[in-house]
């Protein structure tokens, strides 16, 4: 089969590799029908993720068809159409029992496209298939379903739930890239009174409005703190979400939040940040970090099927699976291409 | 009457001042029967707390006898023996409704000995008396009760509750000064499986054992991270409490905590700290800060009366109220005097 | 002034009475600009509520203008347009500190139109004005605001919050009268995957659809349990709300709920009900009862102002305040009049 | 091997049966080293539990040694000393993901000694071994560990956690049999301010004191409601636990609880009970039912190892495994024998 193989920093190939096969009782083999690319894949390609070694097939999101299952797999069987989640789970360890699958100690967590071969391929071996795949509901398209593999659970769990957003609350989201926009969408599920999106790219701010932000702030030209406080009785946001991954946006998030509020970090950080404890120590701030657990995936799938959660706005570009390298080019140059999520499908 | 008056950085006087009088319907005038000193008072005297201006009577903890009450005060009356809490509360604002009295927007919060005259005096005016005083139960001594004015609610709320300590959990407390020791005591109420106290002073570590720590670590000579991980299946503590207020101990706390755990900052910080987001972003860490709300004071008083919470170990030195300056000397030189809490009583 | 006076079971009068005046420092005197009737008022008139004695002015919901305030009132002042909440609160007692204002031990709770004179009058005295009135926001009409005095907080707190409805959950509401319909509206704020409304009146079921129910069941003709289980993988609803107040509907609610789910009782019951513990003991059911606390009123007002919560569908009939008796006739004969909420306004 | 076989209502035999063998990849075969009897076994023998059919080996609690494991079992291996929990769990279904293992839809839940052969035997087959056994810690005896198979998790989860007992709270436990006494012990972990035990048997009330009750009430001779209210400012208990399983004790529990409190039903009920909704509807009561999930077993085991949880008081009688019938006689006649828990061990 063909797959996208990481060949060291800066180098990737769409190349012929052996087909995967069952290696544990709990595995499934899944034919990839639709797959997408993630900002994390770009990080890997720069060499920033040391757990990914050359030769690895990338990709941790897919919708596909089960080809075969190990003897211990109970919930899916050959022929089933499934969502392949970015997180797998042993189901038995301390963290899996707490639904913190992202921290699995038993061989799960984020492994696909990281420590085992991933989904940017014609076929993928999925470990712990019972807890890594979800039967696809009828009436939801592959490409919409694909948004449940990573981006929507991440936004909901690491942004909205970690942020403890309450009905009627004020949420400020710093960064209007794909994950920031997904946070706008996920936040609306809780009926906040105000969703503010902050970015320096006017195009993305326009998108944020379309995704459901009430107010957008171009913090290249406006003082976000002034605007947010002006909209919240001078107090600040109940929840500030960091959705970029650099120190400046993190610091902004910590100033936007009101006493008693929460800063939910969603961004992937490559460097430390200064935390102004001399200001924050007495302000009753909660600050959270997190990897997605995909504990919400089944629920979000129900909402998508019910028509309550609409993922269509994410998909900006579509490719054949074989055009993987072109898809990377388009996704990697989002400023120019205005790509949010690109979807590659089996032809 | 006499009172301890702040006269600018480094200068304090035990001097004659006018008696306080009722200035609002919601005030009470309270004769001070027992009062204590707090580490915060020492911070004020160094000039670190800009809200405290020269001429201010210090002190935010007392047990006393009500002399008079304003017309709107309902819960206490002249002659009542009361605990004066470090936090007052308007009872009506957004934060008071949420029991976040420390963040009161209506004139409450930490005001005594800060923005209004405090308790290190023969008599004190207590604003919002209904929500700033608690009727003293019979059978609990003044000096034990006094530990409920600040230190025990702070340890319980900002350390244990913010830290989300669960029954059976592992808690590591960095710093075994008065507030760290109070956190040991408060943590035991939840029945953790392991309480670890960390300090560089062997004397304080010995005290930590007496207060209920299972394991103590002298991190001048031992690697606290190694020890804590060795005691917790290699994972780290469920809850790490920072009870010092400097960067090194804060950083230590963030490394001691396991994935999914909480770092509860109790220390008062005068400077920022580096937050290693490049390590923490994916570890599901919750980090909290907070000023005490004293929302737990009534409950802790019930436990003290029931004999479940024993505050006797805190009190190392006793003085007459008139020996205020000597009490400050002893409390301010805790390394030499081994003082934890000093109590001054009306003779 | 004129007021609606209860004169014993079955007897009410719209009659001349003395104007109210301030009797405590914490009172406000409010001119009634808009007032509504509640099912509870009908209960009172049948003699079912023994705390209401003859001579009492009824009514516990209003929007009005402050005429005067006692000396201790801080949050409103003469001229302010306010919502008068059905629940008052001393702000100091055990329950008020927990935001359980409905259980206030200090003279609050449901007192208006019950133990003190109420809002169905030209002017009303509001006790504990700081915690019983809410400043009206601009841009929200009196009649919409009026729905925040009782029915919407009741549905949200006693139905949705007590029911612990989660995003993506299935909620079944037994009874599609005003409070059941309000529960449909309030449930939608949390983005459930399925809202089912159950009643025997086809007209009300049609209204339930308009309010946002996904599925309606006429349980005079359909087996509600079959339908609900058929829509929920055979498990039943996550949350079943009893919104009628009789044994049959209560029993239905307890059968509709899945293992691990919650039955939230909103209905006012005049008789006991059989609880099938022999079936329920092992099913992990939570059953809640409750009086509204109005702890959510300020938040719901924010959502109404933001356009997220639309109360317009409730108001079916409008009257001049002087037509109080006619309004009672229309409201009391809802089967014929199809009345949900009637609004009376000062002309 | 020998086993205790249910042969229809009223009939049981200690008899020769075939040894069990692995039948699924996820099974373990465990040699029984220590086993106990449960009140539920007595219920089964009266014919009250229709899921138990003649020929079934009873018993759902054991400590033993693993003899063999299926190929998919990861967490235990032959030779391991393990606790066999009363609840098994598929680990994949909706309920298992929520840690509600007692409600497992995938073949788990309470199956041992119910729908599959149980632990009152020399050897037992344990389904879903990864999630039904727990590695035994060193330093804890078999008989203490055995108390973690059912009674202690039941008391903690269904009594204390469902009851939402808070630190400083007042808990009243109706019934001082084994499960009521276990609830006393479990409640103490949270540091309530008052634990009240209620029974009609003075011997059991004396035991309740030894287990940690602050106050005991003989409700054959005292009015429990009067006493409890007298101890709680007239309000009643925060938490009332029903630990008997009949209507009278259930009704008592619902009267003992204060507004805003919780009634946690632990008792196994064979008949319905009247619920006084006409009194309870407005009192903000939460009522819970539940089967144990054993989600707390690992945590309680940690506390037992740490010396915080002492199970020694439960064990009143000890037998050889071969004296099973005699053990049943003693356990079945607890009034005369004063048996709480009997332990049978392999000789």
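The first chain written gets the first letter, and so on, giving A, B, C and D; residue counts start at 1 in each chain.
Everything below uses one rule, namely that a contact is a pair of C-beta atoms (placed from the backbone, for glycine too) under 8 Å apart; a residue touches a chain by one contact, two chains touch by 3 or more.
Here the structure is a predicted model, which is why all the values come from computation and not from measurement.
Asker: Equivalent interface to C-D, which of A-C, B-C or A-B, with over half of contact pairs matching by residue number?
Answerer: The pair repeating the interface of C-D is A-B.
Asker: If you tally the C-beta contacts, which comes out ahead, A-D or B-D?
Answerer: Higher contact count goes to B-D.
Asker: So how far apart, in whole Å, are chain B and chain D when each is placed at the average of its C-alpha atoms?
Answerer: Centre-to-centre distance between chain B and chain D: 41 Å.
Asker: When the C-alpha atoms of chain A and chain D are each averaged to a single point, how far apart are the two points in Å?
Answerer: 42
Asker: At which residue positions does chain A touch at least two other chains?
Answerer: 94, 98
Asker: Which part of chain A faces chain D closely enough to touch in the complex?
Answerer: So the residues of chain A touching chain D come out as 25-26, 71-72, 74-75, 90-92, 94, 97-99, 106, 130-131, 295, 298.
Asker: Please name which positions on chain A make contact with chain C in the complex.
Answerer: 166-168, 189-191, 193-194, 214, 296, 299-300, 302-303, 305-306, 308-309
Asker: Under the stated contact criterion, what part of chain B meets chain A in this complex?
Answerer: 94-95, 98, 100, 102-103, 162, 235, 245, 250, 259-260, 265, 267-278, 280-291
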